[in-house]
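The two complexes that follow have subunit A in common; it is paired with subunit B in the first and with subunit C in the second.
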Partner chain A sequence: MPQAKEVPEKKYPPDVDYSTVLKGMNRVSLLDTTFHTMMGILLITGLVIDLLGPWLGGWLHPIREYAHGYIGALFVLVFAAYIGSVLGKRKTRTVFTVTNYVDLVFYIILIVTGVTTASINSPWIEWFPGIANVLSPLVVYAPAIHVVITYIWIAFSIIFPGGLLHGLASTYLIAHLKKKTKIVKTREE
Partner chain B sequence: MEYAVLVDPAKCIGCRACQVACKRWNNRKGESTTFNSEWTNPPKLSFNTYTHIKFKLEYNQAADETKWRFFNWRCMHCKEPACMHACPVNAITKYEQGPVVVDTNRCIGCKFCISACPFGIPQFDTVTEKVDKCTMCYDRVAHTNEPKEPACVQSCPTDALLFGPRDTILQKAMERKEELNGYVYGDIDNKPLGGTSFIYVLDTEPSAFGLPVVGEQLPTSVPVLKYSKFLLIPAAIGGLLYLISWRKRRMKEKEE
Partner chain C sequence: MQVEKFLDNFGRSETVWMYACSRCGECVDVCPVYNETADKYTAPGFKIKKMRGLITNKLLPFGGKPSVDGAKKIAKGLYECTLCGRCWSVCPYNYDLVGLWEKCRESAFETGLALEPLQQMVDALNAEKNIFKRPHARRTEWAKGLDIPIKEEADTIFFVGCLLSYRGPLKNAAKATAAILNAAGENWTILKDEVCCGAPLKFSGGIRYQEQLMETNIRAI
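After this line comes the complex of A and B, so read on.
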């Protein structure tokens, strides 16, 4: 007769630090980690462009072009895959809060204005002239909206712990849910 | 001393000598052009075309007459340049003599100035990935005790462009306004962004030339863009309060 395994005492909330969260995030999904890392890079490089300009001047050109622009372009693809996978699963949809949905709107505005700003750049204008034809009349408004929305988003994220904190918190929650599921299975054995 | 250029479209014959002179002085490339719906080519300003003659065909129904309007279009060199205030890397300078100049070594191509300028002047270049525009030939006007007129003004055969101390130019604008029974755009009747260093004297309303209505103060979008970063202060305070309350909660839980 199989012996019932001992169920470990669960402490709630468990002791975690950022490395546990990152490990949890990676275990849950590589896509999740990629999405959050890229978003972090865009946020930091964006702020560096806007805040350190008077001191760094022209040195920021490659940061704008490569670290923000090219990673931003990749981020658009990762975002599409990520949001599809999150909203496509019932389990992840259930942990999505109102703040997460509002964050989603911020992301969409940042992506649309970011892509519009970059649409008249090389190589996009040569590769996808259609995008520039449609979006370039908006280039006049896009850069300003992009920046202002970033700051509104940061303030919103902290006042209603979303954005910055939700990335870490929701992956922690998902990781935690997974652990719980495992324990339940052990009991059934 | 502050200088200005008087632009008198009624005297312009559309020869585009100014466009050519500008390219030569500023060492700008020619553009490969294609047929388009404009009467002139290249059709508009670009990174390599700092100054452009707009062609406008006007039909007067009462007199059953058509009339050409040609006019010189480029940066207005405002007293309070919106582009300069929007630039995050301080790449744009307003010289006391009048010129507003982009330092392309400093420019990072963020396009904030494109967002800010109510005249649609700064032009992005896909090769250098930077922005540039007319410099009012600051290398002839500023940095010297004996300023030379900008290259476009020097080349104009009909005096549709005139250069001089700003006060003298304003006086000439007033006299010509009387003659034409018209308008002054850039100062006197219309003072966009505190007044401009290129001043138009027009025989009809500015809108007939497609000149936009621009207020004396910076457009609201510029201070919003510039000062939105101060939202980081309440955000930081909020974050700090959040961390403190989180730590307190944890300490309490540990004690229990």
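After this line comes the complex of A and C, so read on.
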């Protein structure tokens, strides 16, 4: 007689915590996880530089150069791959909203102004006179545009359901999910 | 039709879940209905996108009213879903999508966006307590001439249901079940005044009517 196969019980309603979300995101797309992690770091470090700059003292330089600058440079490469991956798949085009596309435009502006701002300090820019010529008229305005656009993006992304509202909603949900599960259990009892 | 009230039954949980959706599109790829029909309104992620738009419009002070046509398209997509749960099984957030679809259907039903045959089913259930609109008095007709007990007290109740009670070929399944119970020497009975279990109403969003039927069956037990 064949041995009865044990079927694992699947919990309903499902439990969700940060680890399941992170595992799920990784499973779906490592690029997506990398993009979002880097964007989070850049947003936080950017806000720290802008809002806490005068109080950072000796920390300001490493935060600006390494945590914001070099990660920002890597982000440009990741973003190029990410945007190609998103727009190249039918499934993501199906679920993307106008707000998401506007978000992408904001990222492009932030990238252009960020690269322009950083180009002043980068010796490699002299190797590419063409880029230097294009960027030089923007250098004066780029930092201001970079900061202002960040705040416009934050406001836009919260008012309309964009990237930041998605992040806030995820955080709220995961933080409150245990409560919901408890209520359901009480009902069953 | 009160389209402006569509999705008003959403609580904080459903609303936050919809905004938390990561828009990865995994659910779109695995949906059997979408893969078969290629109608975007059947794709889980697309439905969430459209419903999120309606909710956002309601939350924003300058948001417009939902269009009747748009709401009807969403409702049609909601009713074409088979509730198979594949979208839930691949969702990286483990979002209870089946629960969401049921909640949306409830709202569609209450706002008059449900499909016409579903309203006919509700009428049939109100009139005769079964989904086929057959006379309620003939519900136990399948048991005629058989040794089917109807007792006040028993160890086991055989809940026959609409399909086995009224549908010709399926009546044999009810008869066979009765024969097995008798052969096993079980102390069993069927309900004297059984009505529809309400499952079709649960799946179609008519939760309000389903609860009435459930209460009737519970009282009968």
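By definition in this document, the second predicted complex is superposed on the first by the 137 of 189 C-alpha atoms of A that agree within 3 Å, B and C clash if a C-alpha of one lies under 4 Å from a C-alpha of the other, contacts with A are read in each partner's own complex, and residues count from 1 in each chain.
In this text, contacts are C-beta pairs under 8 Å (C-beta built on N, C-alpha and C of every residue); 3 or more make two chains touch, one makes a residue touch a chain.
The model shown is predicted, which means the values in this text are computed figures rather than measured ones.
Shared-chain residue A:91: touches subunit C; no touch with subunit B.
After overlaying the two complexes on the shared chain, residue contacts for A:159 are found with subunit B and with subunit C alike.
Legend: residue contacts after superposition of the two complexes on their common chain; A:29 is shown touching subunit C, with no touch to subunit B. In the superposed pair of complexes, A:140 makes contact with subunit B only, with no contact to subunit C. Comparing which residues of subunit A touch subunit B with which touch subunit C, the overlap comprises 159, 161.
On the side of subunit A, the complex with subunit B involves touching residues 49-51, 53-54, 56-58, 60-61, 63-65, 117, 120-122, 125-126, 139-144, 147-148, 151-152, 154-155, 157-159, 161. Partner subunit C is touched in their complex by these residues of subunit A: 12-16, 20-21, 23-25, 27-29, 32, 89-92, 94-97, 100, 159-161, 165-166, 169-170, 172-173, 180.
Contact residues of subunit B toward subunit A in the complex are 86-91, 105-112, 114-116, 120, 124, 126-127, 129-130, 221, 224-225, 228-229, 231-232, 234-236, 238-239, 242. Residues 13, 16-17, 19-26, 28-29, 40, 43, 45-46, 48-49, 52-53, 56, 60, 88, 91-96, 99 of subunit C touch subunit A in their complex.
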